[in-house]
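One chain, subunit A, appears in both complexes that follow, with subunit B as partner in the first and subunit C in the second.
For the complex of A and B:
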């Protein structure tokens, strides 16, 4: 069970209940999902690089193949990488360390949830083995998901497994934060990352069961002959979309909040500064998002035929999301003010995130407006918007986190040279990939199209985007390779290389042993994780 | 135009598909309204984003550490300052939100109020083509593989309302050139309207994922001179 064990022991890893090892298992699993979903992204981009068929051979049936790539890319990125990467890996490894706890409240449940997560990833990967893979996108809208010859059950069970893992994680971490904080640690002394995880898990706990019930109804409709979504039998075709987005919009905050939490840690540490207006960010920003997150889902259904009154009502609630998000932005940007900034690879990713956050966040404003969305929805404008904010922003913050905590996890320093090179490939690549999609989105490029022969004017933009995607691929390879090389043969790290004052750096060795802290942690009333003194 | 919209926005707003009384002879042009609003929103975004971006760039350069041991000197906020830094921005954001919501609502009303003189065409979605049914019983369609069929033909100068449903799965009728789209689904009828003002040929694409041939589900939309439209429709009728 020891993290300072003598060599690698597979059995120890499989049966571990140590939150740090579980965190690493989440990291490995989610990076695997990320890599395969990334290959799917490259295939999608290659296919779109020409007007007609590129990789697809047969025009009449090739769409199915392309749709499977889209399905896997979306489902694996969101459910297999972003959510487990942030709330699985980062929360598992660092939340107990940040609050001075020896482990989580229920270590065995924690171990159970990581293996559920792996079962979910394996279920998702079966997509590539079975004869009739799911082709229902990550949204799985009926009636198509009920009529398709693709195996919707694999989609449903993947969601079940990952959702169950997530609910268990939510209970576990909420109990941990409530009951296991170090003596003396008040609510206003928590790390931003801890708060962001708490709020994200509150959202998970409330909303995941709704998603699970929605997909279960799909399963019943398709395989057991019920008619929840079949209007010819008295069902309601829109019910699924309502239930699905009632979870899946809050789910974007399950990704956004911990991503912001990591950025706060990185920005505060590398600016050696306190978080600007901490309370406004926590109580106004994070809890404000929790409060509003459940009342905005209709903005995903602006064109689905909902009654006009609710489309207008939720336009207002959706626009109001800008208030808590704006408070978080002021706090995050304000943390730079009068800081002492050093640019490590982690800080570079965090800096890039500030700008990705602006682009991704602000392009959400027209999409909040019902009438703007009537034209923009289901075009590549939407596709670019959520890739900026949910895809790239959140991914970059995971990367910032991995670079920041690399010495903590491995005892080695991450290679800066290769890290830096990977960063620039990634940052330039993502902008080359996604910015053109905004432009052709406004002109009407539809989403989920491999064939766009009616719009030949868009081809150059798609070509540019495809070049960008391959730059990103190079950047990602460099990054992952850099982690592996540094973990094996990196330079040994000193105890607190970034001179942070947060508990995970000041009170435990790199990497922490069993029980985390050599001595019990007690914090004083004037301690905060951002108190750099003057 | 705007004053009129706001004045009329209140009553009858929530009744979809109710026609405007013929309160003005001005040509309704939702596309122009949309484009105008889009430009206003863009200005709004650039102003807000610009403030954050420029400040960030300035600070990121200005506050670089000069020595490894340097620490930040960020301000400690008093209670009043902390509240102000929360409430003042919150009200600014909120004001902007309500401003945009009001603007969006105004154009939305144009989008949902079908003009009285609109030509009604029934559209049915199928995997993977549309059929268009005209008031005189003529139906048309379009096949992606043979490129045969007329698709949707409409006369310039008459607003067109589409009453839409689907025979199988969800589809969505996306008219990028007319800045409008709406889903079609089995068991319900949805509608959109648009106003073809000039002769041109554009496309409608299916924009709700509908399976294997989703990206082949498109048809031409031809806006033609009224005389040409009448002749075309009569010729179609005679071959029924």
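For the complex of A and C:
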């Protein structure tokens, strides 16, 4: 993926401060995390494919072994793949191009962010090296995380490093968008993806530090003997859950927003349409989410115990999220309306996302309602819900983005045939994997159980889900292989293969060289990134 | 970062400083901590700290020297960026304070919990407040000299600022030593947990602030300064100063 004019120079890659190359480094690192976390997912599914022990070799400690897989799968997927894939890779590569900037405001801090991200990945990978790997899910709830013989410190430091990378990224990109837009580019002329990144980084800036303080107290409690989460000494065990979800609920919007941003780009380009209801989607939808995101976290503690009036308040604020999310969904579907739609692989992933978004979003409503949630909490219904909306929806959105921008990054066209095959394996696979989990969730299948001998009636559903997981594995292999093959020997791309009118396609070569734009970009007052004249 | 503002740059920008700094941080913080506190292996801890410390110092020196010699893509924007970072810092402190408030308010009459010394030294934090506020003022004078290109005055007042900061840290060390001697350590009770975490976290910010000042001072001896860098160093220091008011009022005087 080197430029035609320069050839490959290792030093220029690993010491790079260029936003595009840092973006590629993020992509490589996050796909590595994705692959290993994906293998963990397969092991989890295999373990659940039979009632009793399947993969675990020691029944007595099997729970701990299984917990390590859950830990790595969750932590690496969310902190190592989704957040860095969206706000690291996609934002780095394309945000400066979309606003007509030569780079981000602080290129060295940007490089610092990506290496902190890699340091976090290294900390996470040490899970497989040390004898006492972390086994605390990605949530790290005390008292288990304090009592376990697992190395909770590595969990904490993974969060610290990735969190620090995110905070620096947030500062960098907010300043970049404020100060480095091309002359003439007003706030209502920004790409949806730019807005989505801005709002996601606002959330990161405010909420990540609270997670950092929560896990730091965990570290102190476990290794320095403090008593923050120890009720016997005046601490409060629910305090951790509050602080944790104060960040980690908004974190789902950190993932959702840029994922939607990518979809807007893909859907507008392949429908050749203006974004429908742009201002409502940006100021009502995206900023609405930012506004409400900090007032809903307690719904994660519905069954941990709280006064009823808080439950009701949290139900209202949680359901209120449907309003901005609804605005964004209307805007996305409206952009398709009477569009000249081309179903490339990128567009297939994008339309699949719309479907997943509906299922994942609508299944969130019963979970928000206090009458339903007591029944559904800690069942595989929750597990299926957040995999639809956060796991698969956001992953498919990253894939849509990679396919959409593939010619921009490599100068080559992505292979459509293999891409298409991979897409169908993925799309059918994820539905076979997760839809059965809704059904058995309603009937009471608990989450996180490796051994469910007390519920033999659920075994067939788990078997179906496991088959689905392997279909996804095939789809993912095909997809990643397709990218590698296409990047090396794909058909050469024309300058603007999708005929987009957004700056990253119209004003710079594939792939852009140092400084991005051959000529400084100036935009006129009537320019928009979606002006297809329709 | 020798970007040309008017025409297309023809080479890929590189800097090894961020990567070396990150490697240093990885050794110095997580690995050293884990070796010492998780695996109780002092030798490994010393080795990791020994690898990490020089890497951090080299990374920072290289970064600072590049920052002082190379022309940035967009000059003068850092004073607008640091406030964003400070927002983040505020929320880290808020997380700690919220935990402290939760424990404190749920304790009701049982505060201070058993094990807390009858009389905490309330004079020392007053002295520390004076030291820190004084250092913010002296840095203001230092910046005044820098604005008037009086590099000698800038260096002297900056050194005075750093001296006050060091005295502040000295007070912290003295106090910790004194309290630990009275068997009041991080693990004593809920109050001590919050006390040592919050004051310790604040002290770590003082150390970082002094580090930033050192990175401003040392090049200034060679006549190299950057007024935006100096401004940001001061802004950070003032922030650390303001946080101290909250620390002192909440954990000492409440």
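Methods note: the second predicted complex is superposed on the first by the 527 of 534 C-alpha atoms of A that agree within 3 Å, B and C clash if a C-alpha of one lies under 4 Å from a C-alpha of the other, contacts with A are read in each partner's own complex, and residues count from 1 in each chain.
Note that in this section a contact is a pair of C-beta atoms (placed from the backbone, for glycine too) under 8 Å apart; a residue touches a chain by one contact, two chains touch by 3 or more.
In this text the structure is predicted, and so the values were computed from the model without any measurement.
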- Message: After the superposition on A, what does A:322 contact: first (subunit B), second (subunit C), both or neither?
- Response: first
- Is A:517 contacted by the first partner subunit B, the second partner subunit C, both or neither? second
- Message: Looking at A:307, would you say it contacts subunit B, subunit C, both, or neither? Reply first, second, both or neither.
- Response: first
- Query: What's your read, subunit B or subunit C touching more residues of subunit A?
  - Reply: B
- Message: With both complexes superposed on chain A, which partner does A:355 reach: first (subunit B), second (subunit C), both or neither?
- Response: first
- Message: With both complexes superposed on chain A, which partner does A:154 reach: first (subunit B), second (subunit C), both or neither?
- Response: second
- Task: For A:446, select first, second, both or neither according to whether it touches subunit B, subunit C, the two together, or no partner.
- Result: first
- Task: Figure out whether A:378 sits in contact with subunit B (first) or subunit C (second), or with both, or with neither.
- Result: first
- Message: I'd like to know which partner A:232 touches here: subunit B for first, subunit C for second, both or neither.
- Response: first
- Item | Interface residues, subunit C side, partner subunit A - complex | 1, 3, 6, 8-19, 21-23, 25-26, 29-30, 33-34, 37-38, 63, 66-67, 73-74, 77-78, 80-81, 84-85, 87-96, 98-99, 102-103, 106-107, 110, 113, 185-187, 189-194, 196-197, 201
- Task: Provide the residue numbers of subunit A that touch subunit B in the complex, in ascending order.
- Result: 59-61, 63-64, 66-67, 135, 137, 139, 141-144, 147-148, 231-232, 237-238, 271-274, 276-277, 279-280, 284, 303-305, 307-309, 311-312, 315-316, 319-320, 322-323, 326-327, 329-330, 333-343, 351, 354-355, 358-359, 362-363, 365-366, 368-372, 374-375, 377-379, 442-444, 446-452, 454-455, 499, 532-534
- Message: List the residues on subunit A that touch subunit C in their complex, please.
- Response: 6, 9, 11-12, 14-18, 21, 102-103, 105-109, 111-112, 115-116, 118-119, 122-123, 151, 153-154, 157, 160-161, 167-168, 170-172, 174-175, 178-180, 205-210, 212-214, 216-217, 219-221, 223-228, 233-236, 239, 243, 513-515, 517-520
- Task: Provide the residue numbers of subunit B that touch subunit A in the complex, in ascending order.
- Result: 13-14, 16, 34, 37-38, 41, 44-45, 48-49, 52-53, 55-56, 59-60, 63-66, 68-77, 82, 85-86, 89-90, 93-94, 96-98, 100-101, 103-105, 107-108, 111-112, 145, 168-170, 172, 174, 176-177, 179-188, 190, 203, 205-216, 218
